[in-house]
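What follows is chain A paired twice: with chain B in the first complex and chain C in the second.
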Partner chain A sequence: MDAVLVGLTNVFTLQAMTVLLIGTLAGMIIGALPGLSSTMGVALVIPITFSMSPESSLILLGAVYVSSVYGGSVTAILLRTPGTDASIATALDGYPLAAAGRGAEALGMATIASLVGGVFSVVVLIAIAPPLSKVALAFGPQEYTILAIFGMVTIVGVVSENPLNGIIAAFAGLFLATVGLDNFTGGQRYTLGMRELFDGVPLLPALIGLFSVSQAISLSLPRSGGILEDDGALAAKGRDLPAWLDLRRCFRTMMKSSVIGSIVGILPGAGTSIAAFISYNEARRTSKNPENFGKGELEGVAASESANNAVTGGTLIPTLTLGIPGNAVTAVFIGGLTIHGMIPGPKLFTDFADVTYTLIFSLFVANILFGVIGLFAGKYIVHVTRVPGGILGPMIMTFSVIGTYALRNNMFDVGLALAFGFIGFFMERWRYPAAPFVIALILGPILEVNFRRSMQISNWDMTTFFTRPLSLVLIALVAAAIIYPVMQRQKSRA
Partner chain B sequence: MLKSMKKVVTAAALGALVAASPALADYPEKPVKMIVAFGAGGSTDTMARIFANYMAEELGQRFVVENRTGAGGEIGWVALAGSPTDGYSIGLINSPVIESYPITRADTIGYSMDQFRPLINVVTDPGVLAVAADSPYQTLADFVAAAKADPNSITVSHEGVGGDDHLAALTLASKAGIEVNFVSFDGNAEATAALLGGHIDAFEGNMSEAAAQISEGTVRALAVWSSERMTQIPDVPTGAEQGYDVISAASRGIAVPAGIPEDAYQTLLAAANNVVADEAFQAELANLNMPIVPIAGDDFVSYLNNSHETLKELWAENPWLEQ
Partner chain C sequence: MTPILRDRLIASTLILFSLIAIWVALGFRGDGTVFPVVMAACLTAACLFKLVAAGKDSDAEKETLEAIDWHRFLIWAVLAILFYFLAEPLGVYIVIPAFMFAVLRFLAHLKVSTAALIAILFTAAVFIVFELLLEVPTPAGLLDGIIR
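So, the complex of A and B:
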């Protein structure tokens, strides 16, 4: 208990608050820029923390981490350029809202949902981290396989407009997901002998190309306006913050997505985007107006954003309690902890409890800080949608190229992002949705690797998926997610 | 007095001769680039950045880490091999991985080992074979006996075909005459989670990754693949102690592009030798559970050559990848 108090007092000092504010602002900017991911943000900060006290360095790392995940939502909504895979689902509804002049409202919803998700996951981290870490261990390759399928069910929802084109896009994504060295045999698959493709099609350059570069091309075309479809009049009509009724309507979704995000966050190797996709699909499935999703539904933004921010606290649970990083960002975190002589594991809650609680409370404060900043700044940031396309387009292009190069210091990736930019541009023209393509590209490798791992463990016995209780529960959830909407439609017809 | 003057003049004349080729009298005169083939924040990168800070102190110039990642390190090493030979580009190399690619990726490999001049080995992180605390296997003998009783039934994790974990487990299997069921994982985190969750029976990885779990007692190491016991995990017996002489480790050292000026090489070597002997540096690496095993200059060259030859023989005998 003493440690909890020490942690609290550590956070509420002038120095800690300054570090928190700097970290939060830096994280928001890093998250908003295309190509700068949370992982990179935290890695950039690590060398700075070498000379700081353990408390300050953890506060800085934590603030950069949680606010960079939130920062990604800003550009996803306003420009349809998600900085990382975490905010792809946010762009699905956020951008149509921004285009219709409701950008500030969408930003407000994203901010509140991120705040709810982030705070929820920190509370979970404080209250029940040790027992929950067992959940991380209960998931074996079999469960990860089903989880990846669960995420892919989202594809069914986002292709409803034009199913054939959507399915073609999804299969193209799955095909690209097979490129690279096969880690099980060492063989090369479709690498064309290019070592830049040995690790597979690099995800972030592909994302930046499909979303940011293609958007930059569209905006730069002659006679294209800004983001706003009808400038002036529409923007004036938009609200600065979401209406109370909308917030109340989305509250259930936010809580449900926070739970999903926290659980998925605990699982090493699942990834933030799975949480956002599953939550988005859940929100659509249980919504009264599922047909609005993808066209500018605030609830979609709320689902994706509360889920991806809930992942932050979730990923820290196995990191702090077991020493097993929940994702790439927390793996970098572990490096930061060990440099200060703290070995992640149960000792963090005994020997180093005061430092650990300092981190946890600072995450809490960082969530509130970005919430306040976001709510206050939203109505100003939204003006970016009024910038003429001829100016905005080249700016997005510049950031995309720099961001892509910075990922691996590699010109190949820049070329790849540009190529994907043209692919994305023509996909949009010819009405092939980008979302199923990207979802398949992200989840394909998780599905394949875990399926093959399950097969290695079970000696090619397919029943392994049906003999494990947890796997069965997940299969039931997947089945419900597929069958339920069909039944609903039948009922409404009858 | 006159004598010493003469010395100075001679030295100056000699210096002028050397300076006729681009001046290196005050090497390094500008920041030195250090190429790291793995991502920022990973264990290789963490070690590289600490090492770079100490080199900077020694030589009074910044050592700037540049992460060139991808293809399991190959992209960074191709960049290092093709770097200018002016002494302002050095890089981190990981053994035995760097020697294995010219063998296993012979068709597409972008560098050859003779494009590097090894400088110093810094860390040698031995392999460990570990099981969960509640596993029935108390010793390596239990493990081997169980594997003999029911071949291919024990699942063992490794981090990628052809990596040092995989090779270590293969060597054990061939020496003990057993067959195990290998399960490939993408990294230490997922493999450890699978071990603790009881999804796999055993974990083959590096000591620095498992040391915390071992000392906490959540994981039991059956053997460490080093010639002597490690101070980080003193209770864990070596393979040789238990009758299976398996030696395997992941090493991290520094290399420069072949052909850099001899005096630049010697300056770097002297500074690197000071760094590895520095107590503050040793303490920082001890925090990370990374054992420092300095092998400097020509010794490091022959160490890598031997390892390369051993891998070639192993490959000729029994290629561990599909071709």
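So, the complex of A and C:
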């Protein structure tokens, strides 16, 4: 209880509120800029947190995360160009509304729905994470081994449109995770004698390279410079807020979508865009006016936006309690936690409880903040899209280089970030998803260490995984995670 | 290069890489061999499957991704590599404006004056944020005596 109160107090200091405000504004702008993802936003902010206290760092990362998901809706509605993939479903009804002169109203609905979804997910996070962390304390190496496998199986199946490419990316990540000194024998593995690799492939340079440097390259290359065209809808015309009647009509949809978003968020791999589309389809299925969907229906905007923002809190549940990142953003989040000496997992709620609760309460305030800013100034954020990608690219590259150097004060990390930047650029172009690769890089050591511990305890008896109740439950989850997508695929073929 | 040929080349390269990795891993101490060998073997198996499946992948045939402008990519890559090698000896506050100017001039095709102005203003902003406000250590190079 003390930790909860400390967390609450930490959020309402002048310093924390300033950091929250900066993070929220930065996140909204990053989210609004097509080509800049939430993952890249969080990765780009991590270097800035090096000299901050753990509390301020997590407040900043959390604020950027939640507000960048909302920011994507602004350009989705006014320009039909979703700032992030989370807002693709929003554009389906948001843009027709904007084109019909109801852009501001659609933006207002998106803001309120995002706020409802975001706040709901924080409530779910507060309700589920602490008790789950207590359960996780009972996990032994066998459970962690199965849990890591579960994380890998789900992310590969869901993230990639081409599962085989996802599997190749995941195994490449798992293999790369073996680089460094062996935790058990102390022997060098694939280090090529480089001291910088003794602790393994450094995670943050890899993340910054894959998500920031690769985006810097992508933004700099098109001849058009990446400027979005203003086609008239930009001005966000019409009344500023949705009518009370419309809000009442959509409230049920918002709540239902928030539940869907939170559940989808908890599942590894299923991200914001999936939650948005599931909720959008559900809203259309149960709507009294399904024929209006796709032509400019406020309920469609409400469904998509409350769902994608509800994902944010959900994704943090497995990340904070089990140390298993559910998607690329939370993988980057883990990087942000580790530089402050906090290892994600159940101990976050015991050893670092005050900092963890500070993060959770800051997410709540960040949702309120982007709601207020969005309602009054959301339509002006769209103007940042006029900054050409050709100018943004080198700026992101510079931030990435300085941030990576600051991590350990060596140029090796910068070189690694550049190398991963090139790899990430080609992976994106050639349809090899980066998310399974990164998550494998994080889960690899967890998988190996716990597998070897299990084997040492059991004298290499594989039945050890089937003799513990918790382990059996997790095995059932893994089986379901493999069988369900296969069945779905066969069903869709038939 | 067609997408299918590209996928086959990637798969073949990764198979070669994995086989070398397995061979190296066999020399590791104790059970430290197991995980790298298993992972490299799984990677090999996935790539072998890709090699076979690549020809049947109708999605790959239909792939219409924007072609990479190799000329512009090469310019970017050369500038980024120069940034990397010169950042420490010259210092980032010399290399950043030079890199920014070059990218803005040669890739974004901005006017010399605009490119120079943006490069200088951005470098000043980076200096204020990282050096003065956040006190993040950066390679100062030739400017070491002036900055610190």
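Definition applied: the second predicted complex is superposed on the first by the 269 of 494 C-alpha atoms of A that agree within 3 Å, B and C clash if a C-alpha of one lies under 4 Å from a C-alpha of the other, contacts with A are read in each partner's own complex, and residues count from 1 in each chain.
Here is the rule we use: a contact is a pair of C-beta atoms (placed from the backbone, for glycine too) under 8 Å apart; a residue touches a chain by one contact, two chains touch by 3 or more.
Computed from a predicted structure; not experimentally measured.
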First, second, both or neither for A:Thr39, with chain B first and chain C second: first
First (chain B), second (chain C), both or neither touched by A:Thr463: neither
Touched partner set for A:Arg408, first chain B, second chain C, both or neither: first
Which of chain B and chain C A:Gln490 touches, first, second, both or neither: neither
Which of chain B and chain C A:Gly193 touches, first, second, both or neither: first
First, second, both or neither for A:Gly323, with chain B first and chain C second: first
Contacts of A:Thr185 with chain B and chain C, given as first, second, both or neither: both
Contacts of A:Met395 with chain B and chain C, given as first, second, both or neither: second
Where chain A meets both chain C and chain B, residue numbers: 47, 50, 184-185, 187, 409, 452
Residues of chain C that touch chain A when the two form their complex: 3, 6-7, 10-11, 14, 18, 21, 24-25, 28-32, 34-36, 39-40, 42-43, 46-47, 49-50, 53, 57, 59, 63, 65-66, 68-69, 72-73, 76-77, 80-81, 83-84, 87-88, 92, 96, 99-100, 103-104, 107-110, 118, 122, 126, 129-130, 134-139
For the chain A and chain B complex, residues of the former touching the latter: 39-40, 42-44, 46-47, 50, 136-141, 181, 183-188, 193, 195-196, 198-199, 202, 268-269, 318, 322-325, 331-332, 335, 338-341, 343-347, 408-410, 449, 452-453, 456-457, 459
Residues on chain A engaged by chain C in the complex (per definition of touch): 47-48, 50-52, 161-162, 164-165, 167-168, 171-172, 174-175, 177-178, 182, 184-185, 187, 189-190, 217, 220-223, 225, 388, 390-391, 393-395, 397-399, 401-403, 405-406, 409, 411, 414-415, 418, 421-422, 429-432, 444, 447-448, 451-452, 455
Residues on chain B engaged by chain A in the complex (per definition of touch): 39-43, 45-46, 49, 53, 66-72, 74-75, 78, 104, 107-108, 110, 152, 155, 160-162, 181-187, 189-190, 192-194, 196-200, 212-213, 216, 218, 284, 287-288, 320-323
